[in-house]
Amino acid sequence: MTLIDLANPTRFLALSARVLPWLAAATVILLTIGLYQSAYAPDDYQQGATVKIMFIHVPNAWLSMFVWGVMSVASLGTLVWRHPLADVAAKAAAPIGASFTFLALLTGSLWGRPMWGTYWEWDARLTSVLILFLMYLGLMALWRAVEDPSRAARAAAVLTLVGAINLPIIKFSVDWWNTLHQPASVMRMGGSTLDKAFLIPLLVMAVAFTLLFVTLHIAAMRNEILRRRVRSLQMMQASRIAFSSDVGTGSRQENASKGAA
Amino acid sequence: MMISLGPYASFIVTSYAAAAIVVAILIGWVVLDYRNQTQRLRELDRSGVTRRSGRSAVDTP
Amino acid sequence: MNGLKPGQMQLSGRGVICVRGSREVFSGLDFEAVSGEAVAVTGRNGSGKTSLLRLIAGLLIPAGGTIVLDGGDGDMTLPEQCHYLGHRDALKPALSVAENLSFWADFLGGERFNVAESLATVGLDHAADLPAAFLSAGQRRRLSLARLLTVRRPVWLLDEPTNALDVSGQDMFGRLMRDHLARGGMIIVATHAPLGIESRELRIGGMV
Amino acid sequence: MNGLKPGQMQLSGRGVICVRGSREVFSGLDFEAVSGEAVAVTGRNGSGKTSLLRLIAGLLIPAGGTIVLDGGDGDMTLPEQCHYLGHRDALKPALSVAENLSFWADFLGGERFNVAESLATVGLDHAADLPAAFLSAGQRRRLSLARLLTVRRPVWLLDEPTNALDVSGQDMFGRLMRDHLARGGMIIVATHAPLGIESRELRIGGMV
Amino acid sequence: MTALAALIRRDIRIALRVGGGALIGVLFFLTVVVLMPFAVGPDLAQLARLGPAILWLGALLASLLTLDRLFMADHEDGSLDLITMSRTPLELACAAKALAHWLAAGLPLIVATPVLGLLLNLDMVATGAVALTLLVGTPALTFTGMIGAALAVTLHRGGLLMAVLVLPLSIPVLIFGVAASQAAITGPLSFGAPFSILCALSLVSLVIGPFAAAASLKHGLD
Amino acid sequence: MTALAALIRRDIRIALRVGGGALIGVLFFLTVVVLMPFAVGPDLAQLARLGPAILWLGALLASLLTLDRLFMADHEDGSLDLITMSRTPLELACAAKALAHWLAAGLPLIVATPVLGLLLNLDMVATGAVALTLLVGTPALTFTGMIGAALAVTLHRGGLLMAVLVLPLSIPVLIFGVAASQAAITGPLSFGAPFSILCALSLVSLVIGPFAAAASLKHGLD
């Protein structure tokens, strides 16, 4: 793993250093616009000002699922293509996804209190999101519990893919069971039913949060690559093995880049 | 100017504040972690442990 | 095929690299073995003998290089044509000696396999109905040797097989190996002790 | 006291009977060992070598007969004056090599015990910070040998200690045993292989 | 085929000997059922209402307590190496092991349900419903739990970590199992809907479990 | 003393590494709490009533799931032989192991109780009462569970058998733990009476557990 990790992650580090400032800037700008628009969005005739929670709740809810999707793709990368960056991507995404899920749960409950008269109800949508949250935490625990990252990566990948079954359940739970939670109005067959006055700020916020995710994710991936570099150096130091013999280096490099291709 | 938030102002403000806090924590985590790792890499570099390729361990900006 | 005579097999590794726990154990290892030949893998503790056997058995994935068997049964993968005898005995303490052996015979596909006879061969006939939990270290080892007889497989991968065997056990095992070689089998055995059969040495010098 | 010189010890068994799994392994066994002497327990697989060591270590209770140590520390029972090295390594895979060793040093009461030095003695200094899960069979065995150094105990009970050790490991172990004997220790070792030190043989011929 | 049959036979035999036989499973179930009233209070009406939930929790518990060793024992004694190397596809071998586990540990529970139903003050229909849902649902518990068991081997970890990873997967089974039983007992709601979802969950897990477990074992090779 | 301290330190270290740390314990507890409403139905008022019972069941479960390996691991790798042979009395060694287990697995649960109380709709007082009873009661669970763990080693059996042996012993703890918490929440009944019984149970188990476990290990020598 030592070299495989160093081969093309090095390129990733260089790339990330270049794009991160731009991404961060774009995120800040869009977030500012989105916040401004949502601040001046009209009150809903039913929900009053509480509709403003939507601009936080819905992007976070979407992202909570989106991030798991990203992790699932990365897991395929780990299991099928054994791509060296894939497990880094999966690991880095988990805490961010968990945070978004937490926010979706929190803002959802805060919205639920005025709307449904209760913070929490054990219905299918809410429950499946809670399960998603627990699975995020479980994954993070798994990553932390196992020191050998490549070992943890493969186990986490299997678990992530199994957990992906939860995504359609979350998405369609409102249609399959009649729940308190309202059915999809933005992303549904036959176009959005949401008023433009809400739709535009919502979409801006959604894009802004997605950018935020991308920025944080790339930064976290960079950290993770560095952490693994530290680890493999420490392992070398710990075992005091002379890694000087250059036998086989060539084929290893070759192998690594083959894996990356 | 003040935006009127109606009777449930506290819920709305809490939502936005929570989102801000969580995002701030995430940013803090990413930044501190970066500092931490580069710091450790530099220490390892100083103590003479380098990667096989002979390059310095710290080749990040 | 590689100029092999019919019925002749050749196992060869080219540039095999083994990485365990993110540390490189050995790299660029070349080796080969042909039918009727025993290869004794030697080296210091931790040099990677067990790792090499597990690579051949498909129980570890090489970080580079290739390991192929030419002239074997084309339908089967290399691991499917190997018997692997590791440090651990693959015995269930709760089952009797005979049950343990006949399970492996059934599972590995040995038809018309005579359990009692093989137990007699390895000197465990008197213990057939004892639970495996009652066996001594050497008796456990003998029972796992009996597994090699359940079904004919051309390649035997043996990891320090004579550990815990007494003198008569080592003789018995020498006979088993000679029979196998005589029938065109191939043996790769990691060992620190003299084997009692003629063998070619493959010295590996990975990390300590 | 039995006419022993001061500082001289004698371990003796009289009419020891061993029953395991309601089968008699051996009976009426007499043996003795004195300071500075190594006794090699030999016998066929299943003859009861391991059982004998465990009887001395107090890990099995004899069905008859007595085992006593004369001239040892009167405060301590026989097992408390023994180091036992069995087939199993008493290592925790999750802990590092150094952590494993220093746990046993602390637990067995070895004060002022130098972990790094003992690891160097058994040739594991380079692996001190690795988790024990990463060790090869021989390295595990070396680590458990290091346990013999944690605290001085007069009687060493060793069960096939050279299993899995390479040649240099066997040399190292031979030195350890000679040192121990020179300091007035006593070694009872069950083995099938030559030991590399001078020893008296105790052949037991229990059931097969 | 003989290979799989041999595996199933062996695993059942070991389970019956080591686990102490089917009786222990039933006894465990009984203990859980007896325990619950102490935890939730001895109100009979409430007990009857909670009856299916308690039985389901018992089943879940039994599977959690026994499943984490499903592959661990084979891993520790080296059998798993040989199983991986053999001609039998690992997915099938995993499925066979899970099946054996279910036969040895799950089935006795279901057989014992009527007796326990009596204890919990359930009537005939309710008991029947619970037994039926258990029959359909416990395979799903076993087959999702198997994924956790395989991860436990891969990670060299067991205990709570496994439970944490597996429990979220078994929540849906529990929900619909209890919902279907409740529906049969009290319900204006229909028994059919949750029951068919339960069946679907079982079928899905029958497919996904072996594949996920085999993938995890294969990729965890070491 | 150093010997015992070393044992405790080692066991905690292993538990944290292998079990994945205290966090896993908390996460497990959380999962159990999330699970319960599915089983017993989502009625909030009823949940609050069952709250203490659920938390107690979670603690019991966590101890059942982790305890069976308490001595088994040491037995399998031969450490137990050396511990038996050493100068440290086996009773003390057993107590040290149980203490380490409680510190690594029990304590985190208690620390997490307030958070879980929120989820279960418990108020401050109730949460405090549950946490207090858990603090006093979980050692009893560990120390009685230890007896089962020792028997599991002696009998070469694990899993359900061990649960069957341990559960009856832990029933009294559970009863008085839940009763005390309930009393603090709803009760005309006093908190003091069941609570002091709970304390007594804990004290008794602190004494009996190590002796019974050590006796079982000694007689199980083989």
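Residue numbering begins at 1 within each chain, and the chains themselves are lettered A, B, C, D, E and F in the order written.
Definition applied: a contact is a pair of C-beta atoms (placed from the backbone, for glycine too) under 8 Å apart; a residue touches a chain by one contact, two chains touch by 3 or more.
None of these values were measured; they are calculated from a predicted model.
A.B. asks: Strictly by the touch rule at the top, which chains does chain B share as contacts with chain E?
C.D. replies: Correct list: A.
A.B. asks: Call it same or different for chain C and chain D: same when shared residue numbers make up over half of all numbers used at their interface.
C.D. replies: Answer same: the two copies use largely identical residue numbers here.
A.B. asks: Can you check which chain pair, A-C or C-E, has more C-beta pairs in contact?
C.D. replies: C-E
A.B. asks: Using C-alpha centres only, name the chain that sits farthest from chain F.
C.D. replies: Result for max centroid distance from chain F is chain C.
A.B. asks: Provide the C-alpha centroid distance between chain B and chain C, rounded to the nearest whole angstrom.
C.D. replies: Once rounded, the distance between the two centres reads 52 Å.
A.B. asks: Chain A to chain B: how many Å between their CA centres?
C.D. replies: That gives a centre separation of 15 Å.
A.B. asks: Roughly how far is chain E from chain F, going centre to centre by Cα mean, in whole Å?
C.D. replies: Chain centroid spacing, chain E to chain F, equals 24 Å.
A.B. asks: Averaged over CA atoms, how far is the centre of chain C from the centre of chain D? Could you give it in whole Å?
C.D. replies: That pair's centroid distance is 30 Å.
A.B. asks: Specify, in ascending order, the residues of chain F that touch 2 or more different other chains.
C.D. replies: In chain F, 17-20, 24, 27, 31, 34, 38, 76, 156 touch at least two other chains.
A.B. asks: Could you list the positions in chain D whose residues touch two or more of the other chains?
C.D. replies: 20, 87, 94, 126-127, 130-131
A.B. asks: Going by the touch rule set out above, which residues of chain B reach two or more other chains?
C.D. replies: Residues of chain B touching two or more partner chains: there are none.
A.B. asks: Over in the complex, which chain A residues touch chain F? Could you list them?
C.D. replies: Per the touch definition, chain A meets chain F at residues 118, 120-123, 127, 130-131, 134, 137-138, 141-142, 144-145.
A.B. asks: Hey, which residues of chain B end up touching chain A in the complex?
C.D. replies: Contact set of chain B toward chain A: 3-9, 11-12, 14-16, 18-19, 22-23, 25-27, 29-31, 33-34, 37-38, 40-41, 44, 47, 49-53, 57, 59-61.
A.B. asks: Touching chain C in the complex: which residues of chain A?
C.D. replies: My answer: residues 1-2, 4, 148, 150, 231-232, 235-236, 239, 241, 243, 247-249, 251-252, 254-255.
A.B. asks: Would you tell me which residues of chain F are touching chain E in their complex?
C.D. replies: Counting only chain F, the residues touching chain E are 18-20, 24-25, 27-28, 31-32, 34-35, 38-41, 50, 53, 56-57, 61-62, 64-66, 68-69, 76, 105, 156-161, 163-164, 167-168, 171, 174-175, 178, 182.
A.B. asks: Looking at the complex, which residues from chain A come into contact with chain B?
C.D. replies: Residues 2-3, 6, 10, 13, 17, 39-40, 43, 48-50, 52-53, 56-57, 60, 95-96, 99, 102-103, 106-107, 110-111, 113-114, 212, 216, 219-220, 222-223, 226-227, 229-230, 232-234, 236-237, 243-244, 249.
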